[in-house]
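Only one structure is covered here, and it is reproduced in the block below.
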Amino acid sequence: MDQPMTYTLEVFEGPLDLLLHLIERNKLEVADIPVALLLEQYLAVVEQYREIDLDNLSEFLLMASQLLYIKSKLLLPREEGEEDPRDELRSMLEDYLRYRELADELERRFEQNGRRSFVKPREDFAESRPVLKPHSPDKLLSAYRAVFTGSLRRTPPPIAHFKGILTHSTVSVASKVFALSRRLLERRRLPMRQLFLAQPSRADIVACLMALLELLRLDRVQLLGEGDDLEVALQKGGRPA
Amino acid sequence: MTQPDSPGAQWQALLQDAGRGHPPQARFEAAVEAILFAAGEPVELAVLASALEMEQTLCKTLLDRMLFGYNQREGGIVMRRLDDSYQLCSNPAQAACVRAVLDRKREVSLSPAALEVLAITAYNQPVTRAFLEQVRGVDSSGVVASLLEKELLEERGRLDAPGRPMQFGTTAAFLRCFGLSSLEELPPVDERGALIAQLEFQET
Amino acid sequence: MTQPDSPGAQWQALLQDAGRGHPPQARFEAAVEAILFAAGEPVELAVLASALEMEQTLCKTLLDRMLFGYNQREGGIVMRRLDDSYQLCSNPAQAACVRAVLDRKREVSLSPAALEVLAITAYNQPVTRAFLEQVRGVDSSGVVASLLEKELLEERGRLDAPGRPMQFGTTAAFLRCFGLSSLEELPPVDERGALIAQLEFQET
């Protein structure tokens, strides 16, 4: 409230909201996604927000690293049959846009109904203690089965629902690119051993290695020294994208 | 009527009785109005039928007949059907003067985030927090908590997946707030070509 | 009427207008009905008059006229004047069926979690919290506490093991709630294998 602001910042619900905002502002189509252009503007906005303590900052940063990753993938020649690295982001944006439009429709309905119609609290009537509803004993059996074997009533969710969970490994490579770049910006040089020893899990180590290789190929970092004393250093004049 | 005092025979006579406003239909409507008024919240058809000691199919026929007439009188109270439940609410046409009297706290307001979560849930229920987060790209647990408190969302048991996450669905209050009698009345959406369907819906 | 849109002039016309059911009186009554309904409690004349933007004396005249007509229709809702306040209540003539519903509304249902804990306990009693937690894969102490409070579970002494954990079993109230006369009447579950075979059968 007492934030000394000379300009008004728009409030973004999240990284997808911000991306859609940028796409609209640049009069682009969701299908295009010129990642390089968006990344630059995206980072500029996030940087602005960082000063005023943005909620969900980590999610905004995660998206930044994902954009960074896509950008780096786009610079490489794509093998035949290989997916466009933008596909996943594109479908996320499309899904989100769809629900946002549905939300607008709901809002319109809410203005006409929920906001204008009121319900009444329950009338005070003869007080009595809560009573337990009678239940069929079969409910016990099905509850018991549900515990041991997985319920029959609950149908498994479509695979699509797990899309995000399953692709998190991809995201984590990108986040490693981002994390590594940031650490190097602060420290300039890091012993390679230390880099891997700090990783909590095997998946992290793999992701970290892939991130390192990615940065090496993009000529962002270089390796100095040899053997056990190998060090990772920021390439001279290199900016972490 | 051989047993004029038996509720069953009495109500049964209503079906034959085509004329509205005759004593039996009026008596039925008075009873339903009293029940719905006192309850405040939505009351299920099954509960109404059992309280009135009548068959559900008959009860439903009479309720739907009542629904139509009740709302046609354009009074201060309207009757709504929400799935298998019925509820009375104040007439939206009177919103201005009701607001002038009502405590501000009773007014529900919904943020864009809340509307997004409701839209995603309505079309995919039951959904987990992780699913909402996946679609929106941000943590949504605060929004979910506030929608649970507003009784627009409810818990729907745990998903059979690692961590057994809680699943959420929309409530009868959700239907009422958005002027729907059932989820089938939601604007139609296809899988991918969704937006087109949506636009067509708005145009008509 | 020189200013047909001014509320004052509009309402004023009502006083001259002796006939009931004319649009202005009907509009007044709809507004009042909506306000009293949404409020649920007595609303003072002064509050009503100010919400409707009219003079108190005029408002009172119209309210009292409405009071008479509203209660004559013998619906499910009646209107009451209490000192300087007005309130809608359910018609006492409908008390029997209102009570039938409201009492029923106080019936508590069991959550899926509670059913799971009851089922595991019923088939394995006495059980410890740790056992329940291990089988369900989630902390169950809140559920156990609420089932103890509902008297569906009871303590059954401590287990002779490290930590001496409390053990729990089902109660007579549990049997009543599930319509059983003894635990032997529980739906049979043989061994694990039998249960799984049964499930596979159901799935095909």
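Chains: A, B and C, in written order; residue numbering restarts at 1 for each.
Keep in mind that, in the parts below, a contact is a pair of C-beta atoms (placed from the backbone, for glycine too) under 8 Å apart; a residue touches a chain by one contact, two chains touch by 3 or more.
Keep in mind that this is a model prediction, so the values were computed, not measured.
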(request) Select the chain at the greatest separation from chain B, using centres from the mean of Cα atoms. (result) A
(message) Report the chain ID whose CA centroid sits closest to the centroid of the full protein CA set.
(response) B
(request) Averaging only over C-alpha atoms, locate the centres of chain A and chain B and give their separation in whole Å. (result) 35
(request) List the centre-to-centre spacing of chain A and chain C in whole Å, with centres computed as mean CA coordinates. (result) 40
(message) Centroid from C-alpha atoms only, then distance chain B to chain C, rounded to Å. What do you get?
(response) 14
(request) Any chance you could list the residues of chain C touching two or more other chains? (result) 34, 37-40, 90, 98, 102, 105, 112
(message) Using the touch definition from the top, which residues of chain A touch two or more other chains?
(response) 118-123, 125, 146
(request) Within their complex, state which residues of chain B touch chain C. (result) 26, 29-41, 43, 47-48, 50-52, 74-77, 88, 90-91, 93-94, 97-98, 100-102, 106, 157-158, 164
(message) Could you list, by residue number, the parts of chain A that touch chain B in their complex?
(response) 13-17, 56, 59, 63, 92, 94-107, 109-110, 112-123, 125, 146, 150-151, 154, 156-157, 161, 163-165
(request) Within their complex, state which residues of chain C touch chain A. (result) 34, 37-40, 89-90, 98-99, 102-103, 105-110, 112, 115-116, 118-120, 122-123, 135-136, 150, 152, 173, 177-180, 185-187, 189, 192, 195-196, 199, 202-203
(message) Give the list of chain A residues in touch with chain C in this complex.
(response) 118-123, 125-126, 128-141, 143-149, 152
